[in-house]
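Both complexes below contain chain A, partnered by chain B and then by chain C.
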Partner chain A sequence: MEENMKDIILEYVIEEYCDEEDDDVTYDTPLISGGLVDSFSMVSLKRFLENKYKISIPDADASPEAFDTVNSIEELVKRFL
Partner chain B sequence: MSNIGSYEERLKNFDWSIAEKELGYKDGDNINIGWYCSDRICQLGKADKLALIWEGLGEKEKQYTFNDVRLRSNTIASFLKDLGIQTGDRVCLFMDKIPELYIGFLGILKLGAVAQPLFSAFGDESLHVRLDNAETTAIITQRKHVSKVRKILDKMPYLKHIILVDYDGSKPLREREIAFNMDEAEQVEKFEVAPTKAESHSVLHYTSGTTGQPKGVKHVHYSLISQYLTTKWVLDLQDDDIYWCTADPGWVTGTSYGIIGPWSIGITQCVLDTGFSAENWYKFIQKRKITMWYSAPTAIRSLMKAGEDSVKQFDLSSLRHLASVGEPLNAEAVIWSEKVFGKPFLDTYWQTETGSMMLTNYPGMKIKPGSMGKPFPGIIATVLDTKTYEPINETGKPGLIGFKPGWPAMMRTYWRNEETYQKKFENGWYLPGDRAYIDNDGYYWFIGRDDDVINTGGHLVSPFEVESALLEHEAVAESAVVAKPDEVNMEVVKAFVTLKPGFVADDDMELKIMNFIRKKLSPLAMPQEIEYRDSLPKTRSGKIMRRVLHAEEWGEEIGDISTLEDD
Partner chain C sequence: MAYSDKVKELYQSQLKSIQDAGLFKQERFIHSSQAADIEVEFPVGSSLNKVINVCANNYLGLSSHPEVLKAAHEGLDSRGYGMSSVRFICGTQDIHRELEKKVSEFLGTEDTILFPSCMDANAGVFEAILTSEDVMISDRLVHASIIDGMRLCPAQHDTFKHSNMEHLEKKLQLHANKRLKIVINDGVYSMDGDTAKLDEIAALCEKYDALLFVDESHSSGFIGKTGRGTHEKCGVMGKIDVITTTFGKALGGASGGCVSGRKEIVEMCRQKARPYLFSNTIAPVVVSGVLRVLDILSQSTERRDKLEENTKFWRKGLTEAGFILKDGDTPIVPVMLFNAKLSQDFSRDLFDLGVYAIGFFFPVVPQGAARIRTQISAGHEMHHLEKALDAFIQVGKKYEILGKTKQEIIDRYGC
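Now for the complex of A and B:
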């Protein structure tokens, strides 16, 4: 289940925010601080997670740090499942 | 002692010739920003001084002296010349904040071509509209962004060259593409800098308006005069400063004060080319010992959100002066910065069209948190009556900000759109499109925009552009776009849509539409919220009444709705 969630998030991030030159994106790749996902785009990523997992992530918890890697995103999602 | 000394004294004795003399420029001389920011600094004995300290992801670092900048900008200029790029040709810079962007900017200017910087997060449509308007001859970009250029290439016969600065040979180059490696190319010691004059076209920045397509703001080499002096007096840059301007040169702050201002004075500047996080930024200030920091309200409010504890983990004692630009800096942010950094962020007000700072707070001047400050010496400013366009003499009464035309960095026109340019003037005043009032002490206070343009995170987004793009989505029948209040970004984009029959108005559709706009235009233009409606408010003639939705969103009076069609 956990691996599955990580893979789903990773796949979505690669599909939506990365291009062909952004190879080697992994569970630990810094997305926000690495500049792959900007703070505006983070809103759409949050919306994806909320739709996919039928949760509501309060804005106060949707910090750049919480969204910085697939690993940290998974931790965040699990808190609200 | 600050560079400006006494603001009041400067007002008494001001003339732009102060900057001309310091720069060794006389009326009629050649003036080339590229030369002033590199060759001249070397001639002043600073060839070995660091001009740029660049840091990318994983603390990857590059450093360039002013002599390196001189040589590399020569090399880029020479490369472009060999490609056949000529004086006045538009050359687009479409890159992340990498050294090639900063130095390439100077190279384009040295050649006498026009630098057209564009924000690298733009989607293919935003890119196409701007390249098409400018009929850009060449674009300098990176592998990670070239796919957007390739997608629209067939529609751009005028675009002759796509220059890749990080080509690694792993995949073949495609039509019109050519590789150029700035650091590895044989450096050109001597390049005959184009003999540009004060009114020669230098930079073409694009900005959004309420209606119509984005406008190309034409700047000239003489802009250097006010960019140099405002940098010196407001940002107070001194010889041993380490300067950090957080703006992206895809926008005007990143060129006026992220390239031209500091380098024309010969200052060492740092660039951090990673995404935002409070920890990253504080770490960068600590590591690079930044002394002067020019940032934006959105970033400052994000730092506030991260909390004071994160500040305490770092030694930020190198900071001696802070300033802000992009949108009005709220009083809370000024007070907070004074508390946690020991000094306030000084707000500066200007825009793409003005090219340099207009109303600002100054070192040594009493700061009123939340105020825009006072006019820069040489700038004749006022607040105008909204109907007669006569200056309002009564303090505290709101009106439109107006500036007397004639400062050096003022735009010369909108590219191929003189008609819209002329509409920016009333009764002899240039109108930047903002409302304000002046208090008893002569300080200006921002009230709001005078049009529907959305200021999100300090960047202007045209509601028209987003509405048009929304209509290109297969599910959207009608659209209206307004600003929505936002704690961090001041405003964000909100869209109201009606859907075509057969499409379901649910959360998944909202996400699809959001992502559609993000990729087509840019993340800034992506609606942060989409509200489905059965119908949108329209006039009897069928025009969507955006202001009704705006008023609803901001909890304001809707005003006259006599032209609203009946349900």
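Now for the complex of A and C:
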């Protein structure tokens, strides 16, 4: 379940945000602080997670820090499962 | 006193963080009018450096044009300095409405409403025309003022990969059930200098019944055969529902902006857009200047044609010298250096050689995409461009980047 969730999130991040020339994205790649995802575009990721896992992530918890890596996103999602 | 030592220290610490991150912005004082040749005091207190300006938005060289100055003086004399009012109380003069009509004519739209700036137009338009039942789908590289405007609007928002039509189509399908969908783009992207694929975007908007919004700030006056903008270049004049643009760049360079497009949308802005309702009217002197600018541009394409030739010369010269440029054909020509420190050092060396161009780096541009953004003007004569090109080549040689690939530059300087 744990690996599966990370892979699902990683797959979405690559599909939604990466271009062909982007280097390999891993569970630890800094997405927002690394400039791959801007904080404004992050909203589609939040919506994806909420729909996929039938949860509601309060805006206060959807911080750029919480969304910065696939690992931290998984931790966030688990808090609301 | 509410401004205690604790508060003061808080701000001092935040400012120090900005400085430590190398992101502290410093103004350079210009002691002349805006033009190809300017006199700059930098650092503060130093003697004036006469430099060639290749970083202004003065694309058509009209900022200090004698006919525009004359019209502005006439406006000042006949309509006064200011109106001391917002538009709908007692701030609308005959010339404000005249300008709105002329802008509509110029852009090929149904109606226009003036705003104090294009920043204000973008900040106000979305909230005025959309509700929580709607969705805004924006290109990921749209201007910061559009992002601020979207943040102020209750409609849902989503983004698509820059100029990626496949991704845009997916997003249009995803949001098919919304009451209104609006696709939001810049006509010309200010950091990369590339042009929106408005013909393809307009076709997708038609297919999925979406409104089309374009910010033409970096294209009005010079993109397209007669300078009407990106919609002219892409053959979709009349198909854009909302255009925002500025008078602070090619169209005279003073200030002011507008929303132009479908008449009902413009009227909604007149009734509901907060920066229009709660901000002062554009000063008569500026309105008079812009009216003259539009006359000049409607009579002849000489200035945009010269800008096109200057741009070709500049892009060709830099490419042949071995610089890496962002692809495109607009007068925004980014010279890619990739490394943030290199972009700052390069800019400083150019300044010492009499050329004024600024280095941009993350977070203004993506990580590892630092650059010198050059902007060409019809106000540049060939001797300006030749001298500026010589300076670029000299500095390029110093850092040994000419003819090098992106990877070779990154290997040497990091990214």
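We adopt the following convention: the second predicted complex is superposed on the first by the 81 of 81 C-alpha atoms of A that agree within 3 Å, B and C clash if a C-alpha of one lies under 4 Å from a C-alpha of the other, contacts with A are read in each partner's own complex, and residues count from 1 in each chain.
Keep this in mind: a contact is a pair of C-beta atoms (placed from the backbone, for glycine too) under 8 Å apart; a residue touches a chain by one contact, two chains touch by 3 or more.
Owing to the predicted nature of the structure, the values given are computational and were not obtained by experimental measurement.
Colleague: Return first, second, both or neither, reflecting whether A:I32 touches chain B, chain C, both chains, or no partner chain.
Modeller: first
Colleague: Looking only at chain A, is it chain B or chain C that touches more of its residues?
Modeller: B
Colleague: After the superposition on A, what does A:E65 contact: first (chain B), second (chain C), both or neither?
Modeller: first
Colleague: Tell me the contact category for A:F80 with respect to chain B and chain C: first, second, both or neither.
Modeller: neither
Colleague: Based on the superposed arrangement, let me know which partner A:N51 touches: chain B (first), chain C (second), both, or neither?
Modeller: A:N51: touches chain B, not chain C.
Colleague: Just which bits of chain A does chain B share with chain C as contact spots?
Modeller: Touching chain B and chain C on chain A: residues 19, 34-35, 38, 40-41, 43-44, 47.
Colleague: Give the list of chain A residues in touch with chain C in this complex.
Modeller: 17, 19, 34-35, 38, 40-41, 43-44, 47
Colleague: What residues of chain B sit close enough to touch chain A in their complex?
Modeller: 57, 96, 121, 142-144, 147, 273-280, 302, 305-306, 456-457, 492, 507-508, 510-511, 514-515, 518, 523-524, 526, 528
Colleague: Quick check on the complex: what are the chain C residues that touch chain A?
Modeller: That would be residues 140, 147, 150-151, 157-159, 161, 362-363, 366-368 of chain C.
Colleague: Would you tell me which residues of chain A are touching chain B in their complex?
Modeller: 16, 19-22, 30-41, 43-44, 47-48, 50-51, 63-65, 68
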